[in-house]
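Here come two complexes built around chain A, the first alongside chain B, the second alongside chain C.
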Partner chain A sequence: MEMEYGIEFKNVTKAYKKKLALDHLTVSIPTGQITGLLGPNGAGKSTLLKMLVGLVHQDEGIISVFGQSPSWRNNGEIAYLPDRGRWYGLQTVAEALAYAEVIFPAFDLDLARKMADSMDLDPAAQISTLSKGLEARLNLILCLARRVRLILLDEPFSGIDLVSRDKITQNIIDSMLDLPKTIIICTHEIHEAESIFDHVIFLDKGQMVLAGNAEQLRAEKGSIESVYRQLFQ
Partner chain B sequence: MSTSSVFWTLVHNDSRLGSTFRLENHSKGKFSDIAASFLAFGLFFALAALLLGFGLHSSDLFSERFVVILNLISSNGVALFFLAFIPFSFTLEMLQREWKNGTVGWWLSLPYSRKLLLAAKSMAGFLRFIKILLIFVIITAFLTTLTIYLKPDVGNIALLHDIPQRLLYSSVIAILVSPLFLILGTLAVLEKSKIRLLPIFLPAFALGIIGVILLSSRLRAVFSSDAYLFPPWLSILLIFAISTGLSTLIFFFATNVLEHKVEL
Partner chain C sequence: MTINEETLNLQLDLSKPLYEQILHQIRYALARKDLELGAKLPSVRELAQQLRVNPNTVMRAYQELNRDELIETRRGQGTFITTKPQKIQHIRDNLATEAVNSFIDTMQELGMSRQTALSLLEEGEW
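Let's turn to the complex of A and B:
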């Protein structure tokens, strides 16, 4: 079966002052799969995700998200979890979900409540009092409970405990089973996440160094982590 | 969801975002906490009023000076300056907090026009400004009444008799010019863009406004000491028109900067 690519970068370049974040990057991301975006610090992973929601503009090249240029106008179809992003600390968990229902199109409040329950989040807890792991779980719910075509998760496992990581991974899998969508996960925690990837893209210094089917790579090299080590060590 | 409900939900959240005086770990919604807060504020004001009452009652010198201070803070120029500056700081703070608190990624990736996002912040600032204005008017009116009641014969007490009219006049003018200062606060986005001209733009803008007011006798009339007795309606209308016109220009500029020049 031929794979469909909903997201395409063609010769995209982005520089922050003199530092190149993306260097004539050409990459395609398959629709309806979980894609892992992997690479060392400064590889351009976060920049790539930010470009998809219009938070960063390319200097050169063409970006296509389901046939359209990135802009806030298309963000109703995209759920984006920012790297090191915090939610509004003065809200409680219940208030955050109610707020999300209004401001995020296609937010499923019932699903979000079920997820919060399964992730041991107290609805009455104020967000500024949550631990880092609990806040990460909430942030993930705010993305996964949206019935959108594309989910972008920038470092969803960063700095959180093993139990939280397992719960987050399980929720990503459940979310795909519930409603198939395109998910792009940018992470350094390859060991925890590699089992959920269908497709992987390795970036280095703003360029793509390898891309392929995750299962095939695992069959050839043993694990995605070992591919990563071979590429970057 | 309709744009209107999104707008007011954003306004509600933004008004909490800009709460400088709110404790970060305040456990919201508990009746006992709210009651305790009211009790603490009530006790504080009662104590302050008692101390003030004692001062006014026991010292003529203190009373005379206090009358001068009350007169000064309710004079058109001083009251207007402070009342107009407050909304500017509100919008500025609300925007800066999105970056400082790390919520900006969520905020900027919302699928709504940048005009809606900035308009919600400005509206939240306006509502907070009205609250502060009311508090200012109530406290000044209370202090004036207290002083007149306790020291009806102290020197210059006659100055205080028309404070209600002065406050009303200043409040109306401040409300009319507040959109300009609220929108001016949205220029905080310049600091987050490639155009880092805010430290140059703001003083230049302030000097420009002061210059125009000083050079135009019609505009100056709004700030004259007896303006509250005979309001210069044409001048007030002119001030309102200038405020609205400049606000619109600055708002479109700020939304354009936010859409095209601000990156994370």
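Let's turn to the complex of A and C:
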């Protein structure tokens, strides 16, 4: 299979005060696939995602997103789900979706409503009253209903119930079928998520320790979860 | 006749390539004649959802089965098991030969003679 790498980091370094978040990181992310970005806390995963949308700038090195440097100008093509992100609590689910259509380029309101329905989200419910799991489902819809080239999900499964996780996984699978997209998922819930990864990147202390096709890694070393344990235990 | 995901009953082990397991299990089900000729298979979406795997993984397995003409994808209609019994017979023979060869390899690795291996086979429980 011919592989295209639409996203590239070349020798990228970023320090927050004295602490190195990314340390001369060189990594490529394949186009049209789901990539799992894995590693312990502080490995640099969230920093990497923030850099792709221009929220954090590198001290050194080159970042290329489909041939361009990250900038707010290109963010119309990217949907980003931040870790611990919150939406406006006073809106209802229906209002949030309608508002998202106004503020996000390429937001597909029909698709969003269908997703909300399949995820058992009550359109009349006020966001501040939603459980953590339901709020996570809503946040995911606000990303996946955008017809964009790149989707970045920072910990979409963390701290939520099993059913919500399943619903989120189902929606990610569906949106891959809908349009070939590039999706990057940072997660600690490896067991939960590994079956949907095409590609996996392991980061530690701002450096890449291993990367490859998920199926090939399984053939050579076993489950992605066990590879993670071998690397970090 | 439509084959649903429960009939296929695929069991995936995350420690091995998922695509190979899907391919292997469908091939064996076909060889056993568990799946009716001409029956409709679950769509890529249905199977990906049920197995919770990346649609690319299911697609790859289906492509391989298509290449061997064990299944046939008809535009706008879905994916169907072949209607040709000789295709099934062919895969059945191939899988059996593969199993025999691997048995012979193991016996040779253990230093067994053909004679001993044959008598062990005779004594083996079926």
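Definition applied: the second predicted complex is superposed on the first by the 233 of 233 C-alpha atoms of A that agree within 3 Å, B and C clash if a C-alpha of one lies under 4 Å from a C-alpha of the other, contacts with A are read in each partner's own complex, and residues count from 1 in each chain.
The rule is short, and it goes like this: a contact is a pair of C-beta atoms (placed from the backbone, for glycine too) under 8 Å apart; a residue touches a chain by one contact, two chains touch by 3 or more.
Since the structure is predicted, the reported quantities are computational estimates derived from the model, not experimental observations.
Of the two partner chains placed by superposition, only chain C is touched by A:226; chain B is not.
Within the superposed three-chain arrangement, the count of touched residues of chain A is higher for B, of the candidates chain B and chain C.
Contacts of A:80 after superposition: chain B is touched, whereas chain C is not reached. Residue contacts after overlaying the shared chain place A:35 against neither chain B nor chain C. Once the two complexes are overlaid on the shared chain, A:171 sits clear of chain B and of chain C alike.
Of the two partner chains, chain B is the only one touched by A:128; chain C is not. Overlaid on A, the two complexes show chain B and chain C touching no common residue of chain A. For chain A in complex with chain B, the touching residues are 50, 53-57, 72-76, 78, 80, 82-92, 99, 101-105, 126, 128-129, 142. Chain A contributes residues 33-34, 166, 169-170, 173-174, 176-177, 191, 194-198, 215-216, 218-219, 222-226 to its touches with chain C in the complex.
Residues 1, 5-6, 9-10, 13, 16-17, 19, 22, 24-29, 101-103, 105-106, 108-114, 259-260, 263-264 of chain B touch chain A in their complex. For chain C in complex with chain A, the touching residues are 12, 14-20, 44-45, 48-49, 51-57.
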